[in-house]
Amino acid sequence: MTSNLTTPRADGRASDELREVRLTRGWLDHAEGSVLVEFGSTRVLCVASFTAGVPRWRKGSGQGWVTAEYAMLPRSTNTRSDRESVKGRIGGRTHEISRLIGRSLRAVIDVSALGENTIVLDCDVLQADGGTRTAAITGAYVALADAVAWGQAQGAIATGRPVLTDSVAAVSVGIVGGRPVLDLPYVEDVNAETDMNVVVTGSGGFVEVQGTAEGKPFQRSELDELLDLAVLGTARLTELQRAALAEPLRARP
Amino acid sequence: MTSNLTTPRADGRASDELREVRLTRGWLDHAEGSVLVEFGSTRVLCVASFTAGVPRWRKGSGQGWVTAEYAMLPRSTNTRSDRESVKGRIGGRTHEISRLIGRSLRAVIDVSALGENTIVLDCDVLQADGGTRTAAITGAYVALADAVAWGQAQGAIATGRPVLTDSVAAVSVGIVGGRPVLDLPYVEDVNAETDMNVVVTGSGGFVEVQGTAEGKPFQRSELDELLDLAVLGTARLTELQRAALAEPLRARP
Amino acid sequence: MTSNLTTPRADGRASDELREVRLTRGWLDHAEGSVLVEFGSTRVLCVASFTAGVPRWRKGSGQGWVTAEYAMLPRSTNTRSDRESVKGRIGGRTHEISRLIGRSLRAVIDVSALGENTIVLDCDVLQADGGTRTAAITGAYVALADAVAWGQAQGAIATGRPVLTDSVAAVSVGIVGGRPVLDLPYVEDVNAETDMNVVVTGSGGFVEVQGTAEGKPFQRSELDELLDLAVLGTARLTELQRAALAEPLRARP
Amino acid sequence: MTSNLTTPRADGRASDELREVRLTRGWLDHAEGSVLVEFGSTRVLCVASFTAGVPRWRKGSGQGWVTAEYAMLPRSTNTRSDRESVKGRIGGRTHEISRLIGRSLRAVIDVSALGENTIVLDCDVLQADGGTRTAAITGAYVALADAVAWGQAQGAIATGRPVLTDSVAAVSVGIVGGRPVLDLPYVEDVNAETDMNVVVTGSGGFVEVQGTAEGKPFQRSELDELLDLAVLGTARLTELQRAALAEPLRARP
Amino acid sequence: MTSNLTTPRADGRASDELREVRLTRGWLDHAEGSVLVEFGSTRVLCVASFTAGVPRWRKGSGQGWVTAEYAMLPRSTNTRSDRESVKGRIGGRTHEISRLIGRSLRAVIDVSALGENTIVLDCDVLQADGGTRTAAITGAYVALADAVAWGQAQGAIATGRPVLTDSVAAVSVGIVGGRPVLDLPYVEDVNAETDMNVVVTGSGGFVEVQGTAEGKPFQRSELDELLDLAVLGTARLTELQRAALAEPLRARP
Amino acid sequence: MTSNLTTPRADGRASDELREVRLTRGWLDHAEGSVLVEFGSTRVLCVASFTAGVPRWRKGSGQGWVTAEYAMLPRSTNTRSDRESVKGRIGGRTHEISRLIGRSLRAVIDVSALGENTIVLDCDVLQADGGTRTAAITGAYVALADAVAWGQAQGAIATGRPVLTDSVAAVSVGIVGGRPVLDLPYVEDVNAETDMNVVVTGSGGFVEVQGTAEGKPFQRSELDELLDLAVLGTARLTELQRAALAEPLRARP
């Protein structure tokens, strides 16, 4: 396999280049945290809802709970899909991604410092163009940070200890046409031989690595190259998250 | 009952004044019609999906089909609601509003001119502040018009006859503190003694009148005043729809 | 539009004439209230079940709760429909009508006087020939009155205050062949250009007005005529309810 | 065990005496067969719907299909039960009885003579006082006979051969207070040590025998006595079915 | 009908001969009772789970609860069936058999002696060749006995009184080719004119008798012969249960 | 982190040592492929069902289809879980694992060589002690191989080309007490800081890599060590698969 990281792709990007990423905080008026995250044409609305109390099985533990639900609007994709509410059941892919987002966020939260409060992250895909789960994790972290700050400002979080122990971001990488590339849009995703989603903390630790051979199996050397790209991409996303959170949070005009 | 239509309301509006209404066409990249409609803080994404063919029971009729699905994002409201997909069933209110939107749009479409094509309108409430169903109908009409134009431009609609026979818009009216008012935000809606949703065509015919006494029953004279306000409000919405559709449809920047 | 209220209809009635209405109280042996209501061939069994206690969200409020469930037997209609229990979900129309009946009855009950008791109204359509929802409301009110009287006789309702603040009845009106008519059977209902259900209290206040243009939109003058007919019809139903309740309640032979 | 078949029971009947049984044909206006069957206070509406065609798996076989669905109205019993449509699933008991009724009717029908037609029997319990499944089978046979006659009169059943090869009826028997008794009402049913439902054809053959020890196991001699009673009771029901079907079928007044 | 009990059947057995029956205790490592029961090629895994406490409706009664759930693996049969978990609902047959197993076991347990403990019997069919419900009952009794012994050894069952008042076993009988036979494999079951499942206690009392005419109705004399065979077969199963329980319970190698 | 690969674990194994693995082919009589796979106390029944034809969306493609369903018996675990069929919905974990097994097997099958046939793999966990999904993949491959051989022997697979392009096996690895270990039983799994499932082909290519930080994030060096262990373990499983398939397939005694 020849991997030439400098040749441009269909959309003109280099192999190790992210799409344009936008993080718009305060996208809703009422939610404790709400972020519209865009990875190119992929747009996900990430909303954090903070409530006092925890699910029954966690009561009295002194620990909080963070969970996530992912969903796609029926026409977020090129052709319309049936609503899962109408079908009466959640599909396997939806379940799988919701669980992934929840685990990723729980990796950077100190549930004892959160106290017996619950934060639910709703990640609704308004438009899908590849990488919806990684955009969701990246945006959800920012919404979570805003909800935690809200809880602290309200006094709902009692401890002075930091609730967030690190930040977390995610990116997709894959092998397309024999070449490892970063942040795949839909057109690359459907043609990828290998597809991998990687979740990394701000300090560079791995939270999740999920690689799948879509066509032929991949080799150890390819896996190594993909991990290099993912580390590079999540580091860049970490910077964008920091920059977004450094801005004052204003109401939407 | 004293109705003083000139005293301002909590948000400063006169009794017969709409909230600020915005209709943003082309909000999504792929859909045949997509409109973000805003009635003040209420924001509904209305998306029209055009597909060749009709449901089985309509095949061979030469007639098209238009239907609608309404849903709320879990945190569109002040406190988070459970997802209907997770609960595994659609609630009664959701069903009711989906049916209302579908009937309203079918009132202004000539299904024979549409031919054996289907247009599905997805109306997803991103943020709710009262009047979500009336905003949905008003925005969905614009998305429908764009999808019809798309079908004609593509040649998917064969006939040269007009497919849309009229336009349609909707508004809520109600009696709040003994006074009939137009276009109720949430804070008025929960305190309304009577709540009414009215769907009116561009040429002034009634499509739907749904009035409910929340507290004490209402009198014929009150009903008349509410209908007057609704006619006034929908006429203004009709103008805004025309203005929006008069603009060229551009891709979102 | 020419409206000639004196010409007979297919079944020989004048435009402003109800079908034969029968209210048979005590149709079941055990229920606290049970009424077989007939509007011509439409037959609905309305059963009121009185139980001590209220749903969890209402506990400690001192207030009672009244709710309703509507359903159709599978062969109540001309052709058999699948059971909703077998399909595993309640349809939108069923939900909508159940909610309408519940709201209508709650408009005439003083939940504080009822105390923390629950009355559930089951309205099961045994045979459908148009107007099932309006028959259901009209019959359910009588069953409700019997259940309230039962609660008072048993001492389960503690207060001496009246629990029912008014009576309530409902009727359908519509425009058929250009003419406004009262109380539509199925054959008129399917041909109606406009269909309206109106719920009115015994003292003449409106509880619900639900009008739908099935074909072309309706005009304000038509709406006014329909409301006149509905007021006339519900006044007549109110008399029949009073007459039925004036009889002593006897066990069925 | 002393079994004294002559001492009267709580309701005054002898051990081998049926409750008053009524079979009212033509209880609905539209159905091809409809019978209100009453075993004392137990009232079941049995409705036969005849349609041309058979389920997919039977197409082209030249054979018809007969099936049944049993259900109870929520307040047919002393205390209200939740609707299975609202719960979203059919309970085990409902399934079991629906299957029993279907099997019992199929035992007396010649599906080849029926031709590729389907008859669905809906047995809805309006009021339950024990023996609802046996009343349902007994009434459903009469509704089935009317639907078959309708099919023959309409020419929908092509063959001249008899479609019904026999009649079928059912009764409950049980051991109450150590004594075998026939046709148990609810008050006996809940106290029975052994409960048995027996389905027998008009010519005396057994179709189903379902006996259950509710408390202590039963002995062979007791089983024999119960079978004797069941044979006696079903023979009497067969006579009543014949008498009912001998009457001309008239529209309900 | 000529019944010749000595002629061999397709598998060489006499009419009154059981298939080879094996009861393997301790088939799982963790369950309080677990038995692999085999009736010829039919293999059912019966697992008893003992837990302290009872369902809410039984709390404070001082009585325990025993219940059962039956299911078939998708490829236990000759052709694969869809999973009930995937279909989202339990079929009628599954419900019916689960209820039968539960009733059968409750007939031999003294719930007061059990105390407020629950034992759930899971009967999963690994391979089906006729008689799965009777094998399940026969095996489940042995698993139940082991779970009761476990509860007594652990001190979770407080009383010294016997918890099991008797043993229970079940067998199928039927009329095949005009001849009554015992313990039908699939190939006989599908051809049986009459099919009967009989549940009998160790001391010879009847718990359940469920006979169904699959083709033509059966006569009283045939019923008597089938009951004779069932008594004979269950007596033999009772011996096998005793022998199995007389062995020491060892961990699986 | 100190990783000492030679110190024994709780069950006496070295860090790089598999549990005892057993692959019993032909465990069922009728299925085209059936394997009981055991990884220590973990026991999964893997059954391959071969049927002619493919799902509708694949018809006419000339290509076959392989899919998988995973499930756990309710008492396969230490404490009993509710059945998913009773709950009426499949959980997220079940969905996720079913999809993983299906993808893993499809990586080694040439669907064109298979022709328009479907093979469904049912993997039912009889007893769970960690690593159920990896055992399922490893066993399912062997069952798949038997089903393919059956299809070729029957002539149902027309082409002479090899249908299986490689073999596939899977193993879990994880970091427990700071040490990377191979093939985790339940007791290690619940205490693992990092948990990874790796699916590898017989020729050493990666099909899936799924690593999750349960506690603190893991470093690149740890990830490398885990991948080394997984490659070693799957190579050993590949040998065991080959040995099992080299044996003649015999009916179970």
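In order of appearance the chains are A, B, C, D, E and F, and numbering begins at 1 in each one.
Throughout what follows, a residue touches a chain if its C-beta (ideal position, glycine included) is under 8 Å from a C-beta of that chain, and two chains touch if they have at least 3 such contacts.
According to UniProt, the chain labels map to these proteins: A, B, C, D, E, F = Ribonuclease PH.
As the structure is a computational prediction, the values presented were derived from the model and not from experiment.
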- Query: Which neighbours do chain E and chain F have in common?
  - Reply: none
- Item | Chain whose average C-alpha position is farthest from chain D's own | A
- Task: Please identify which chain has its centre, taken as the mean of its CA atoms, farthest from the centre of chain B.
- Result: E
- Item | Whole-Å gap separating chain B and chain C, where each centre is the average of the chain's CA atoms | 29
- Query: Once you find the CA centre of chain B and the CA centre of chain D, what distance in Å lies between them?
  - Reply: 52
- How big is the gap, in whole Å, between where the Cα atoms of chain C centre and where those of chain D centre? 33
- Note on the structure: Rounded to the nearest Å, the gap separating the Cα centres of chain A and chain D is 60
- Note on the structure: Residues of chain D that touch two or more other chains sit at 88-90
- Note on the structure: Output ring sequence (origin chain D, second chain E) reads D, E, F, A, B, C
- Item | Residues of chain D that touch chain C when the two form their complex | 28-31, 34, 41, 45, 47, 49, 51, 69, 71, 73-80, 83-90, 94, 120, 122, 124, 126-127, 129
- Item | Residue ranges of chain C touching chain B (in the complex, touch as defined) | 89-93, 95-96, 98-99, 103, 107, 166, 196, 200-201, 203, 205-213, 216-220, 223, 227, 231
